[in-house]
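Residue numbering begins at 1 within each chain, and the chains themselves are lettered A, B and C in the order written.
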Amino acid sequence: MKMDTPLPAVRLMDLHKRYGDFAAVDGVSLDVRKGEFLTFLGSSGSGKTTTLNMIAGFDDPTSGQILLNGGAVTGLPPQKRNIGMVFQRYTLFPHMTVAENVGFPLSVRRLSKDEVNSRVLDALRLVQLDRFAGRRPSQLSGGQQQRVALARALVYEPQLLLMDEPLGALDKKLREEIQIEIRKLHHRLGVTILYVTHDQEEALRMSDRIAVFEHGRIVQVGSGEDLYHCPATAFVAGFIGNSNFLRGSVAERRSDAAIVKLGENSAVCVPVDAVGGVGSEVRIMIRPEEIKLSHALSDAAGAVIPVTVRERIFLGDTISYEVATRDGQSVLVREDRARNQGRCVGPGTDAYMHIAINQNRVYKKY
Amino acid sequence: MILTRNRLGLFRFVLYGHAVLVMAFLLLPIIFIALLSFGSSRWMMFPPPEWTLRWYEELATDPRWAEAMWLSLRLALIVTVLSVLLGGAAAFALVRGRFAGRRVLKAFFVAPMIVPVVIVAIALYAFSLKVGLNGTFAGFVAGHLIIAVPFSVICISNSLRGFDPALEQAAAICGAGRLETLRRVTIPSIAPGLLAAAVFSFLASWDEVVVSIFMASPQLQTLPVRMWTSLRSDLTPVIAAASTLLVLASLILMALLGLSATRAGRSKMQ
Amino acid sequence: MNAAATSGTFREARAAWPAIAFLFVFFALPVGALMLRSVTDPQWGLQNFSDLLATGTYARVLFNTFLVAAVVTLMSLLIGYPLAWLLVMLPARWQQVLLAILLMSMWTSLLARTYAWLVLLQKTGVINRILLSVGVIDAPLPLVNNLTGVVIGMTYIMLPFVVLPLRATLATLDPALMHAGAVCGASPWRLFRSVLLPLSLPGIGAAGLMVFVMSLGYYVTPALLGGTGNMMLAELIAQTVQSFLNWGLGAAAALVLLCATLALYALHMRYLDEDA
């Protein structure tokens, strides 16, 4: 480690959490940089929330270490970790007003009344709810309640803010509005944020980096673009963005490349170290927008596979096709309307599918 | 944190200890009496010097005790039937009817539960003296029924509320008449509620003390009245034997109810 | 409401008539008549009520009644709250076991349970004998035939009536609220004081009022465990009517008890409504 590397805000070292025989978290290691917006992305039961709960101190790891700003916090109760947290359900104290809710962490810290009042007002202004200071949580809408929860989590300027699917209970439009608001707050305050979601779009929209969880492990960490273009496993490829997986088998291995047969009469060239022996199965991932359909063979680089168009759906800015290869694999294609103009590939017609094989998207197994 | 058991630290053992003590507090007196009823000491020495069935024998053979038991049993059975019939019809009207004053009527039906039982007892006592119900079997039935009906109304209302009336319409479409629908669709569906109503009505009558004390005559006494009067003179272990019988009846009936509840719960899950 | 539901309206309401008639004749009418006697027996006027207030005995009984009810309420809340709290945290299996014990105790013969305490608490009873043999006391404690006995027996009987509604209130609280409080920096004690306790207040109020109301009118337990010197209201009413045949005075005392009961019960219902 270089001398000038700052301490990570959070460092997870080989974290395990077992419930009986079940490993909820199975060896998670991760550094979260100061000021970073990092998202834990995964389906339910993938271990992302358990990991977050261990960072918050609601759960003790079975083994492994958690460092906050370089200090071990194992065994430290949540109230001594100086962390902010926003929960999925709003978890505002129903017997307190909005101002009392936001002031609670400050009064716990024994700040003077004036100090509490002025900081509560500041925090409420930050989320544009200063007019509602005297109301009860039950008199606010879901979105407003969640913004109060955000103010409560930020008012004591914690080093780290944890957010556990904070927008899960809100409808789509409101969710997008608050996503932008949180993003702006992050830029303004520079606080480190650990965000948990199962919504890949939300993860892409908000995060500096995303850690994808599967079966209690992190399978890949990277920026949204990294994950989209170079998914480390077929699971990541399938989880982020739309994707097609073409089935094929290895026909030939040369020193520089391998030939993979897709169906009866088409074949593509792939890097040899991405595949197994001759005859073994291979999955090739192709994004729908990276496929071009045409009636004529073109001489563009990449592979050409003959298909039959099954369905054409007009979606406004894009047109989506469902096509089938000769051996019956269904493939989703999306074309820009602008690019598509003039050509009309109707349902039932035969066409050619032009694909560029990205060497990073060839998988031995799904 | 403080609503999650394993995050409470050592304090949770304080709570565990407290719970154990409270459970002992609730259970031990009952167990103690059951044990004493088999002890040979007339002065209720504990632990008893010897074990005996003498007190149960006395309970069964002494005509004053035996007649009281027999009266209590007949009374409880009749009150159970009447309470389920009256309470069931009333619950049906409360749940299905849409008339003004339904809330008031509901309050009226549960009022005997709220009015202190001693007031019910002396009011009925005064009334019985006027109409000559005092010391009669019918007087006992009326008195116990007042106490039992609210339980029936509540149990059967709850059950009826969970039953979709559309099922009755479906039965009618299938060609079933009103009575047949009631017998083959409605009653089987609310059976758990009816059972609960029956059990609570039986126990309410079987255990009733206050109304019975005022209703009783020297010739006509229920088991609790008999216990009450002998309690005032001495603490004879026969009372412990009678108590054990009362407890046993509650236990069996509550177990029956618990069994039917778990069976209903299971069939709902499937 | 749909048309089918409204059309059946009056036909279905008819089913209530037998119960209405029965309760009217045997409950409402007699209770009403009794209440009337408080101002008509032996002659029209408020004589009975002034007797009730003027005589020292009756005033003391009233005071005793409210005192015992208050102490019993307090004791059952103090004992019941930690149990209800633990109940909502236990795994479902253990919850069921404890609930079964509570329900069983609640529905086991009141007379049998009171009798058990009478035997347990007497001078030669097990409790005094244990305390004597351990050496905590030199002479048997007077635990029964006084207010101590009444409080012990009534607390025992009222406990399930406190624990069950308190548990229902606590079960509606989201444990994540406590997580939120802890993250805000609150210590467990602070969490209890600022979050858990205030949020349980509606349940504590409802359960406490319920027990207080029930205690006010209790007859069997005070009559058996209490002494002749410190009667409670229900016992006084029964005695005035049964032994002294003073119906007017008994009815006046009954009216006082009924009014107190109904007023507190109305308050209890308000509590429940606000909670919902």
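As a convention for this text, contacts are C-beta pairs under 8 Å (C-beta built on N, C-alpha and C of every residue); 3 or more make two chains touch, one makes a residue touch a chain.
If you're wondering where the values come from, they're calculated on a predicted model, not measured in any experiment.
Asks: With chains as vertices joined when they touch, what's the shape: line, ring, star, complete or other?
Replies: complete
Asks: Based on CA centres, what chain would you say lies at the far end from chain C?
Replies: Result for max centroid distance from chain C is chain A.
Asks: Counting C-beta pairs in contact, which comes out ahead: B-C or A-B?
Replies: B-C
Asks: What's the distance between the Cα centroids of chain A and chain C, rounded to whole Å?
Replies: Inter-chain centre distance comes to 56 Å.
Asks: Approximately how many whole Å separate the CA-defined centres of chain A and chain B?
Replies: Each chain's C-alpha centroid was found; their separation is 59 Å.
Asks: So the centre of each chain is just the mean of its C-alpha atoms; given that, what is the distance between chain B and chain C in Å?
Replies: 18
Asks: If you look at chain C, which of its residues touch at least two other chains?
Replies: Residues 177, 179, 181-182.
Asks: When you check chain A against every other chain, which residues touch at least two of them?
Replies: Counting only residues that touch two or more other chains, chain A contributes 58, 77-78.
Asks: Where does chain B touch two or more other chains at once, residue-wise?
Replies: 1, 4
Asks: Across the complex, what residues on chain A touch chain C?
Replies: Touching chain C: residues 56-58, 77-85, 87-89, 91-95, 104-105, 108-109, 149, 152-153, 156, 162 of chain A.
Asks: Which of the residues in chain B come into contact with chain C in the complex?
Replies: For this pair, the touching residues of chain B are 1-5, 8-9, 11-12, 15-16, 18-19, 22-23, 25-27, 29-30, 32-33, 36, 43-44, 46, 85-87, 89-90, 92-94, 96-99, 105, 108-109, 111-112, 114-127, 142-143, 145-146, 149, 153, 165, 169, 200, 203, 206-207, 209-210, 214, 224, 227-228, 231, 235, 239-240, 242-244, 246-247, 250-251, 254, 258.
Asks: What part of chain C is in contact with chain A in the complex they form?
Replies: The touching residues are 174, 176-177, 179-187, 190, 194-195, 198-199.
Asks: Give every residue of chain B touching chain A within the complex, in rising order.
Replies: Touching chain A: residues 1, 4, 7 of chain B.
Asks: Under the touch definition given earlier, write down the residues of chain C that touch chain B in their complex.
Replies: 1, 4-6, 8-10, 12-16, 18-20, 22-23, 26-31, 33-34, 37, 79, 82-83, 85-86, 88-90, 98, 100-105, 107-113, 115-120, 122, 124, 126, 129, 156, 159-160, 170, 173, 175, 177-179, 181-182, 188, 191-192, 196, 213, 216-220, 224, 234, 237-238, 241-242, 247, 250, 254, 257-258, 261-262, 265
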